Structures are given as C-alpha cells and as structure tokens.
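Just below sit the structures, each encoded as structure tokens.
Paired with chain B in one complex and with chain C in the other, chain A is shared by the two complexes that follow.
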Partner chain A sequence: MNRKILVIEDNPMVVKSLEFKLKKDGYDVVVAEDGRTAMKLLSEGHFDLILTDLMLPFISGNEIIEFIKTEYPNIPVIVLSTSTQEDIITEAFTLGVDDFITKPFSPNELSLRVKRTLAKV
Partner chain B sequence: MQLNSLKELENWPYILKVNLTLSISFLILTLLFIALVLVLRIVKNRREAYRIKFDVKLIDFYNHFLFDEDFEKASQLGDFKFRHLKTSFDHKLAIKQTLIFDENLKGESSEAIKELFYGLGLYAFLLKDLKKKAWFKQVRALYAFSKLGISVPQELVAPLIKSKKVELRQQAMLYFLNTSKENPLGFLDDLDQELTLWQQVFIENSLKNFDLEVPDFARWFNHEKSSVVVFCIKMVVSFNQFQNIPLLIEALDHTEAAVRAQAINSLKIMEVPDALQLMSANFPFETPANKRAILYAIERIGTAKDLRTLVGCISKEEENLQIDYYKIASSFEDEIPVQKLIDLDTITEDWEEYKDYSLRLLQGA
Partner chain C sequence: MLRNKRLSPNFKINELSRKPKTNPTNLNSTLKHILFIDADRDAQSLFNEHFDRDNFLVINFNSAMGAIQHIKESKPVDVLVIDEFAKPMGAAQTLNYLIDELHFKGKVFVCSVDKEQFETDLGVYGVLKKPFDRDEFEKVEALLTEKNTAVESLYSLDYLKELSDGDLVFIEQSIQIFMDTVAPRIEEMKKVLASKDYQAVAELAHNIKPSFEMILNTRGAELCNFLAHHAKPADFKSYVEDLEEEYVQVEKQLKNDFSQEQNLS
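Up next is the complex of A and B:
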C-alpha cells in the first residue's frame, strides 16, 4: 500500500507540482489549501508524512505544526517555505519539524528528503 | 391615433420639444452605458474563466515536461504550442506561469523551464515586444528576461537605460543586474539621468543578495550625475573598499554639496582621521547641513582640539549649529556652562562668551 502524504500549501502551482512529483514517486497525496482543512483531514484519516508551508490562510504554519506535534506526535513534518531567516527556521525546528526546505526548491532534492524522512519512521 | 399624437407633438411649445429630445438622448446614453458595462463585465468574466482553465492546462503541461521521464518533450512542446498558444493573451498567461515556476523551482528544473520558455516561442514573443514602441510592453519583456536571467541582444536594451520613462530605465537596470554577472553596473557609464533613491536601494540589494561581481566603485567617482557619485561613495563603505579612501578625501572638494556630504559621512563611518584637516579647512565655506556633518565627524574620529579650531567659524546666528557644537563638546567632557546654554533666549550672547572661552583653551591660556 502506498504511503500517504498530506500537503498543506496555498500556492496552486506549488500544490500541483508537489502532487504530480510525489504521485510519480509512488505516494498517495492529499492536499489542504489552508490550516483549517488540514486539521479536518488529519482528524479523518491517517497520514505518514506532512509537508507544509508556513504562510497559510486562517491558521499559521507554526500553529499547525504545534497542533500536529501535540495531537499526532508520530507523524513527521517537513516545512517547505520561502523563509530563509535563521529565527524562523530555528523556531520551526524547536517546534519539532523533521526537515526544512526553502523555496525555490529542487524537486529531486525534495523527493530524496521525503524518502529519507519516511525511512526514519 | 399615432398621427394625431405626432400632430399634437408638433403643436407643443419649443421648450417642451427640447426637453423631450434631451430626455430621450439621456435615456439612450444611459442605456448604452449600462449595456457597455454589462458587455465589459461579461467579457471580463469569460476571460477570467478562460484564464483559470488555461492555467490548469499550462500547469499540467509544465509538470509533465518537468517531472515526467516518459514524456516526449520535443514533440509535445511543438504540439502544445501549435494547439494552445494562439493569441497574445495565451502567450501572456504562459509567460506568467513560466515566471511562477521559475520563482519556486531550482536546480535541474530551472534549465528545463528555460527550455520551455524557448520551446513555446515565449522568447520570440517577448523579443517582439521589446522592439515595439509601447513602453509598457518593453517593461514587461525586460521584467521577464531579467527574472529568468535570459540575455537578449545588447543593442536592444542599452538605449532603454536612457529612456525618459523612469519605469523603463529601472527595468533596464534590473535586467543588466540580473543578466550581467561580470559587469552588472556597466550601465552606469551610459546613465544620463539621476539615480533615484529607490533605484539606489534596489541596486545595492541586488549586489548584496545575488552572486554578482562587485565592481570598484571609484570607477564612477567622476560621473557627470552627482547621484551616481553619491551612490558609489555609499557603496565604497558598504563593500569596505578601503583602497578608495584617498579618492573619498578628494571628494570633499567636489562641486556638489550632496557629494561632499556623502564623502564626509563615509569618511566618518570608515574612521579616517586624515580627512579631518581638509574637512576643517572647508568648514567655513560649507552648507549648514555639511557643517553639521563635519561636527559629528569630529565627534567620532577627532579630538576636542579639532572641534575648538572650528569655534570661530560658527557665527552667532547659526544657533542650530551652536547646539550641535555644545552637544559634541560635552561628549569630549569639555566644561560647558550648561545651565546658561539651555536657555534659548540668551543662547546667542552665551555663544560669544563660550567662543572666547574655547579660543582661550585652544591657545592654552
């Protein structure tokens, strides 16, 4: 059975590309365009990994990460963000994210990081 | 019945006829205006619906092109171009998506995006725009080329640096900054208009944020536009070009006050006490703002003695300068009769007293 990834991202182009690339790599991909939808989807099904942006509508990425790490501590989280500021990256790691990828990103590198993170679980 | 009504109308007074004509004309105009608004709205909605559909098609095609290894790139590229890129609007949408993909992806995808850009004929489309007279088309083309880092024949962009349209000049600068890694500021040589503060900021940001070769800024110290010289003096400090300090000292004698002001500030920041002698010599002939800058330069890199040599050059009318002088003198722990000096009513007389006192100190009395 394919492993299931939840992508939380509001940029349609990035969503489509991630969906396409990850499906090509053999994963099942579910997309949430904002934090609220992500929380609803998390309560409805099981996910093996979460890939999230930090700048999201309604609920910020950090709030979602905090929620995931409290409610679903075993699901690994990878952040995909345009932020390159040290304090933002440090805060994300303090909240417990497993990896941080900055945009613009290399799709092949992202694939490898997803694979590596899932291998650790 | 109808004929009767018309006959009746003919018998109407003149003023009523005019009134009726105007009312009917106004009603027709209003109806035409409402129809126009509705048509424009419908066209806009249809265009928007088309855009959404076309964007989905483009993103899907781009994703296949970038990530699908089984995708026959060459044939599919030609097919997509032939079937979908028909109008100018289609091309514009494709350019927009190309820029979004380029902004979000890097590595091997960046090269593939450029392949798409050429393959779909977007390069040729924008090159045509660049050759057109309409400045907004030229700006749009330059924006896309600079974002993607794609070079076009130099002779097409070089004249735009001298354009009367500030937006076009700015975009041409951005183009050179993004595409010329070895000589990103070469365009300054051809600049025949002042650099705005905003342009200075984005040039500095580009130099700091991108991997560009930082030039020796002394190259433009004799530029005919003072804003270019001011910018280059600032950059000497930003990029720690200490080898240019002698030229910065020479700039203290520049004919433009703004250039001298920037030289004073830069020499202060770079802490060059050798410059104080010339600053002090120029002090009596400087503008009030530059005099103030010199006083603060002395505070940072000079001594109480350097400051006292200027006391005679500040007249009793220059009250703002006197206040600055007192502030700086107090930072040198000079004994200032502060209680008296803070009284603005007597500050002028106090200055004369203080001047004598300072001169006596200078002479070692």
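Up next is the complex of A and C:
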C-alpha cells in the first residue's frame, strides 16, 4: 500500500507540481488548500506525512503545525515555504517540524527529503 | 517604464531562477517545438541532450503516428526530425501523408545512415547523418535560429521540464494554471490595494511568487518578494503596477509561444 501524504498548499502551480512529483514517486497525495480543510481531512483519515506551506488562508501554517504536533504527534511534518527568513524557519523548527524545503523545490531534493523523513517513522 | 527600478539587496531568488533571461539566438517566437521521431533510445537521448536548453522543446515520438496526431491537432511544430525507417511507414511515406492529407508545410530533417539527400519535393530541408554527432544537430539549430532578431525571453520552461522529465502535458497544464491563476490574483491585489489593505496585498504577492519562480521569471518573483516582505505603504502602488506590467508581457509571450495549442486560450 502506498504511503499517504497530505499537502497543505494554496498555490495551484505548486500543488500541481507536488502532486505530479509525489505521485510519480509512488505516494498517494491528498491536497488541502487551506488550514480548515487540512484539519477536516486529518480528522477523517490517516496520513503518513504532511507537507505544509506556512502562509495559508484562514489559519496560519504555524497554527496548523501546532495543531498537528498536539493532535497527531506521530505524523512527520515538512514545511514548504518561499520564505528564506531565518526567524520563520526557526519558529517552525521550534514547533517540531521535521524538515524545511524552500519553494520552488528541487525535484530530487523533495524526493530525497520525503523518503528520508518517512524512513524515520 | 519602471523596469530598472532597484530592488532590495536582500532579495534571494531561489537558485533555480538564476538563469539568463536573454538568449542571443532567440527567435521571434521564443519557444521552438521540435518533433523528433525515432525509436532509437540512444538517438533520442543524444538529441534531447543537445536541445535541453531555453527556447527548445523536443517532443519525442517512437513512431510517426504520435507525430501525425500532434500535427492533426494543430499543435505547434517548428521542425520535424524523422528517422528514415520510422515506424510504421518510414519517413517518405509519412511525409507524403503529412503533405497530401494534412497539408503540412513545416521544415523536415530526415535521419539516415547512408543517404546524403532526400527527395526535395517531400519538403525535406536536410539529412542528419547517423550515427549522430553534434555537428548534425547544429544544422537543425541553424535552421531554427536563422533570420531572427534577439528577443528577450521573459520565461523558461527549464524548471518544469526538469520536474516532469519533459512531460509536455504537464508543462502545458502548468502554463495554463499560471495564466488562469496569476491574473485574478493581481486583480485582487489591485482591489485590496484600493482599500489600503497592504497586508492582503503582501499575502497575495507571497502566494503568486512561486508561480513566477516556476517559469523562471526572475523579475516577477522579485517584485512579489518585495511586495510580500519589504514594501512600505508608499511603495505598493507602483510595485503592483510593475508586477501587472510584467505579467502582461509574460502572458503575451506564453500565448504567442503556445498559440497553436488547443488547450491554451
């Protein structure tokens, strides 16, 4: 059975790319375009990994991360963000994220980091 | 008008965006579509490797049927390169069909091990001698770059090609998504700017920044980055105008390059 990844991202081009690459790598992909949808999806099914943006509609990425780390502490989280600001990255790591990838992602880097993070679970 | 505006030195465009925006051999239409029909994987690999650059998009076919379908659908072709013994009909018969039935008028190269020439009434421009060496590919490149003046290329498909291993459907869909989603967000930016909601402008800029980055449009990405993280209230109006101006130019070029694609409006 394929590992299932929840992608929380609101840029349609990035979503398309992530879906394409991750599906090609053999994962099942579910997309939430905002934090509320992500929370609903998390309550409805099991995910092996979460990839999330930090700036999202309705609920911020950091709030989502806090929620995930409280409610689903065993699901690893990789942050995807355009931000290269050190304070934002630091805050995300303080909240317990497992890795950080800058958009637009390098396809090989994404594959490797997802694989590596899932291997730790 | 505002193209030379100085941007903050703090900008760090992703390494993937660090591509030259201008190619001196650019054509009037920036993206050149090459249909390559050859079942030989080594030949495909060599050919693709040579044209794996800005402004060239190689569409590979193992048989002529896929290329015929491509041409039937009026998709863009700048040059067709076909192996002499391409399946199922061979080059001569395929070209006859294309010319007689589909009224194909494009330039053609035939790849051959032993022939120096091909019948000119088939519309063949030249012969590429097999096994290939790079000089042969220069003939195709020379044809594609002749009689043209340099035009600034505002985007590149390199990132999308790398991501998808050159999957044409994915590339076309991504370009369509770019055009469908960026314009409405810029319109939204103008609306929220009118009500001086600078935070909303910044969030919209943050949202569309990766879209510009993925087509390697550095200027659009820089403007988005500035609006998202560095702009002061007095800056917003002119930078949003610049962003819209950049988008309009990119869209124009994309529509021009993909104008014959059925699924791009």
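Convention: the second predicted complex is superposed on the first by the 121 of 121 C-alpha atoms of A that agree within 3 Å, B and C clash if a C-alpha of one lies under 4 Å from a C-alpha of the other, contacts with A are read in each partner's own complex, and residues count from 1 in each chain.
Heads up, the rule we're going with is that a residue touches a chain if its C-beta (ideal position, glycine included) is under 8 Å from a C-beta of that chain, and two chains touch if they have at least 3 such contacts.
The shown structure was predicted, so the numbers you read here are calculated from the model rather than taken from an experiment.
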| item | value |
| --- | --- |
| When chain B and chain C are modelled together on chain A, clash or fit | clash |
| Contacts of A:40 with chain B and chain C, given as first, second, both or neither | neither |
| Partner chain in contact with A:10 - chain B first, chain C second, else both or neither | second |
| First, second, both or neither for A:116, with chain B first and chain C second | neither |
| Partner chain(s) touched by A:55 [first = chain B, second = chain C, both, neither] | second |
| Touched partner set for A:20, first chain B, second chain C, both or neither | both |
| Where chain A meets both chain C and chain B, residue numbers | 11-14, 16-17, 20-21, 103-104, 106-107 |
| Residue ranges of chain B in contact with chain A within the complex | 55, 59-60, 62-64, 66-68, 97, 100-110 |
| Of chain C, residues touching chain A in the complex | 12, 14, 16, 159-160, 162-164, 167, 170, 173-174, 177-178, 180-181, 203, 206-211, 213-214, 225, 228-229 |
| Parts of chain A lying in touch with chain C, wherever the complex brings them together | 10-14, 16-17, 20-21, 55, 82-85, 102-104, 106-107 |
| For the chain A and chain B complex, residues of the former touching the latter | 11-14, 16-17, 20-21, 24, 103-109 |
